[in-house]
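Report on the following structure.
Chains here go by letter, A, B, C, D, E and F, matching the order in which they are written, and residues are numbered from 1 within each.
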């Protein structure tokens, strides 16, 4: 089976129970997540092999994070156990007009302090078919930007497909710095994925007639955005998952894909949200699955979109769905009738 | 007060907390339920007498199941305590486009292994006015099919009204076997209730212009379905509760009733779902209540539909609502304003 | 900083977990609330000074109630600790067509048995700018009606603005008695707030074309209602927050305000409800905040309405939101996008 | 089967989770209990018939209390549903040197306000063999003292054995008043049960060389105490369950019994405490069971003591143990080895 | 690293929260366990390789069981996913004089219905050093007795050490049948482990002066028991972990070992019990660890005993302790001082 | 009322529920604690004024920490809200022979990065009577060592009594560094408190015949230890609370005090442990209370010891007990009898 390598940070996620706000909490639900780990997890749920690369402290909290990936079948044998602490993010669930809120406490995490020689990429890429990371990884530290670049180069040398989710995070770096680093890295990327505003933030390419904070998205405008990015970096594919936020409880989801020849658009879904985090990661894992399993671009896009939709009905960062569940939705059964 | 006898299986229901999927669960909420027990429970909430007949193992788990019915006032004095185990069903709550999911572990339950002489129907039917069971009961085992038939005959001999909810379960028997067994039993039934697809599965009579997996239901087409079933078995009444599944979170509910003379249709409701299970059972209990309390057919149908609607706002299998709560909704107040 | 004095009952609120009905509960979530305490709490969340006046029993339950206010920063130093018991209200969360339900057990609470000399209003009003209470306070007992009147007089003597939320509670007094007591008190009130039916209940002034139990509200009709009340009592302002109840899960909210010169109307919001209680109190606190912070009447009304909207997304009686969160919504961003 | 009638108050018990103190609580575990209800519950666990007589408010909280008794099989058909409120007691679990703590909020409960004509004792005592109440019942109000006396007289007229647990509660009445009321009632009592200090508090008869607050109990001294009480009131039996409190976590338990002829003493047990409440009630139910089932006085005392011991290992007020579990311990197996 | 193969049943364990009895439960804590799986789990906690062999149904419940082993690092790649259901055991935690209680619902589990060709032992034993199973495995069904025997023969052919924990279960087979089957199997076993009564139940060899139900164990008498068993079956080692049950909360633990030459005895420990299940399995895993890591017999015995002791402080079936934690206790530090 | 100033770090404490180990946790109980905050909290529970000085990040997590102190009445108005993050400690509860375990993640906490000008000591000490800190505070960073020294000097200048709990933490600094820093600071300290090994670690003065890891403590030997420390630094008082650790569940506690003239020893207590953390802080707060309230040295010591004992029965870091509860125990009633 083809193996997908995902590289990034795995954080401890601490959330108040139910819809409690941070200042009302007396317990935290424990989850673990991170953009690339979420992708790796989705893939094993689709019966694929995936390996997650990170660095975690060798205490019980770091071990618990590793264990959680292992529980669901991700290959964790290459995770480096060393360093000071695990990154944390506090996550408060929104509802109606009240947004979900995230507080990061990820500075000085083991992975952000990692060094070039913590990872042996030649060994890691042995037998691998795909390498995935997001823009968060190089944003964590200068070291990681360098490691990312190194990994991309090694991947290309090994004829491995490279995908990158732009995932711009303003808390981690400025648009200017992101632009500089990502411009360099993108030369080694084959498949670039972005949400409704990443490309504008990182590369300054804006979709017209779109105002995400007022729930207005012009899908057609993403065609030229995708074309511009694709040609700028010699990518083979650009995909955007586009979220219209009606409220914290209700979103509309649709995705587009451009492969240099044709512009594809998925069905649009009305989504009632159980957990807002990880939708983009699930979209990305769905896309990788589709492309590695010989689906057509339209099919892969529909699969990815349906996967992203289903994620919003699931607690935690991870998308706990099977291929048949995604395909059932992608093929048009969105009735949610009881499965007995 | 008139007494209603309900006969069937009572299962231990194990559900992950909240919207967790099975593979995410670390606790199970404990509930008990089963189609006929749910009917019995609804009826005592309407201040009627109901008696539940089943067989449960005489260990603490079986006792806990019995206790739960007793807590809410169902007469459990005729339950046979013996046999190996209680049937279990694992229940995962769906949301948005992700369906609820049920895993059954009910083989070799005490009730499915019951024998003819476990139940003394003449004694059970003493002072009874109504006998109810669903198609699940005869589907559990050949023994139970035989016991069901025996009970129906005894009921008719005692001038007791017999109702049957078709409740086709493909995990328990084939459409062919269901057809054979139910055809025999239906000769003793007065009131037949079905959902949007039971009649097609059991008797091969299909509603036209209806495609339930794509959320399309043609209410009018159920008139001829009802007429055909009613005349085939010399029933006094056929009622169908029809669910249009928008998603796992949102359904539309409406019911129709045919009494040999006239075709009745209830109001339609938009329902936000807290717990998907037991809506049909609540409809049925509402119908029995209405008919035994001298409501007109239209009133009984509206009461039954409103009862089924309210069930979806309540956790567990049981419909914990009062007559006045149902009547308040049936009479048009669906505003859900706080009751202080 | 200007200080707001709020006077009323603080109750222990006991709610079954999640959507369980009372008869299904095995645990109660503990919250504390009461109309005027809720206002005081909102105000400290807006970084204002507020002081809550009440009487609580000097046992651990009374102390826990005081502690909860103190946790969030309300000044509790003037609370009288004495008397028999704390009032309790049991609160069951509704969903879809099933209403939320409240059972009161507040008789003989410490505050309802309070005497005139339990409170030294001159000392309490030292440095205060605003005095707030609701119609619940005088309804608790004849003693309290007298204390309320006394407090109002002292407030006016100290040039303190007085606001009153009519908050009619039929369990506490008749419309006739409410009319008599409130008519006397209103002479000392500057700002009167009411919901869609309070004014009719207390003063017999009905909004035309409005039928709240069937979800029909004619906003325009509240203009004449407000005019009539304002002129009747020489108020400086009348505001009504108007709720259209689609179901227990979905409400529409809009508010109107009349200042003797002009009739203002806020934006309307579609609200998905997490917790139904305390919306009016949040509206009121928002209004006080706006007026004390030199917002225009329109701005104050929008701030108050947005505050009331956000409350419905928050568990418990208290509105745990900040000024910037309210202003963000009031200024048009209702997209609920994740805050990272 | 012989029927035991128990008469008293059933309260809602609210306890912080685990070992949390009241001021740390954010949830309350819901239990229901009361001295005589606890006796009734124990008896049905021993497969006896018991009927509980009380008055409860006809709201969902009162109904939930009734339901809890019904769940375990107590006959609740004679409970009067009316009145204002259910009595509450807040219960904080102690540990090590920190005592358990109880706060009562039982004034104005439905039962404390009951009237003579709320209960038809002739009907209640039909087919009954035993009538039980504790000193708490007449302490609740003058009305109840009168009702208790009336019930005792009716019981004697019906040749029903009457038992009374002295259960002195200083929060409910003074020693002087208790003495006056109980002296009158004891003339109709056959079996009197007390703990290590009740007899001193109510009848002023002190056990020598005993200082319960310093964990010192002289078992022999209870012989003369029992003799004096028995002869004073012409009782047929006096039993004392004697607790040596090492700490809130560890107690020693032993009981004595005097039948006018002989003084019996049970084995002594070292008990590790899970829940401290209800030990005396369990002792009493064990004694009633033993006496009604033709055990010798020594056997009945051993059964009762073992029952009281086991209660301390069980959460809540109710003693959820079977006859065989009690007999196993009474007969000497205290090893606590796993039952597979 | 040397690999240990463990073969047996993995069950879903459902336990009421805290010290609740079954009939009081409203939630079940979910754990998974089984004698041999517990051994496998302990070993990976000691950084050894272990592989668990069983058969589980290919639904989400079976998958969750597998996932739990995988989470902690057990090799689950050889588990057969097929069959009807997972075996269940309900587990109620005892305290003080009240024993823990287990109810089994394991009939027709996937593993009990397994066939010879479900497992390819030659492949399984590739690179293995040790094979372990308990007497529970052959007791599950005749098929499993045959498979066990087959596995033992294959193990011996591959020069793999075989250990067997007698683990007699009277619910699964009679002493007579156990004797017959185990006598045959023991010819292939090297290390036999038993508790204080297994050898008597299975082989009729009784320790003198020992009465386990009254907490009396004569350690010396186990010397002759061990000698007799060892010589009867040509074993290389017999070890007995001996539990003196003071109560369900307090046990004493000590173990003995006989290697054909010398009789070893461990330190004795006073244990306060958090969870009673899995102590013997932890002892066994400790013994395997010690023997495979070149400890002396006395050291291995002390390690195994300390491991068993620590298990009792840990929730669930699995012994979540590290080598250094066990060695710290085995070497004499039982002070339980905080590790910062 | 006299005011006590406490200065140190307040951490977020995350603990698995019940006795779960870290790797078994799916929820964390949220508590807040830190040596000096614990002292401040105890003091307000004794109705004294205490003010806590620290620096916390101005996000919701920092605010929640502040709120928790405020809830119980600590003066938090001088807390500096700024900086990166709150320090965290993960806390796993031990039992029997398994120790409690603490993992720190406190680097780069807001307080550890504080600067001299974050605190205005002259203003802070206005009206103060006592200044308290522990050896943890200067160990956090060089900055904090300097701030501590500065604060001590200012305290002395203001005639404020200074107490210091040595509280050596090997994870924060070496014995050598501790010795150097603390030697300087101790010149400004009046009352020095230590546990059974702090003085040896920090000042190299060892108690003879004492081996804490094997539960052996020679109380007499602490006399010369105390004398040596007292004279070395010109202290007015040295107190040691001495813990004999039988197991993680059972400890013995006793304390000694030397005032330059006389050596005092408290009663010894057998303690069953609910939560192991904060015993020393509770002892210290008890001592401050006693000394500020004119108790004799022996009385103050007994009060402090009893306070420390009671802490072990309470969940979390904070000692939630009243003066009367402590005095009741100190005066000899350790029976733990129910308080009704």
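To be clear about the criterion, contacts are C-beta pairs under 8 Å (C-beta built on N, C-alpha and C of every residue); 3 or more make two chains touch, one makes a residue touch a chain.
This one's a predicted model, so the numbers in the text were calculated from it and none came from an experiment.
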Those chains which touch chain E and also touch chain B: A, D
Working from the CA atoms, figure out how many degrees chain B turns to land on chain D, in steps of 5. 180
Across the interfaces D-E and A-E, which one involves more C-beta pairs in contact? D-E
Hey, how far is the Cα centre of chain A from the one of chain D, in Å? 62
Distance from the mean Cα position of chain C to that of chain A, given in whole angstrom: 44
Could you pull out the residues of chain E that touch at least 2 other chains? 18, 21, 23, 26, 67, 72, 101
Using the definition of touching given at the top, classify the network of chains in this structure as line, ring, star, complete or other. other
Residue numbers of chain B touching chain C in their complex, please. 18, 72, 269-274, 306, 309-310, 312-316, 320-321, 325, 329, 332-340
Spell out the part of chain D that touches chain C in their complex, as residue ranges. 14, 21-23, 25-30, 59-61, 63-64, 67, 84-85, 88, 90, 92, 101, 103, 105, 107-108
Quick check on the complex: what are the chain F residues that touch chain E? 18-21, 23-24, 94-102, 104, 169-171, 212-215, 245-250, 276-277
Contact residues on chain F for chain C in the complex? 67-68, 70-73
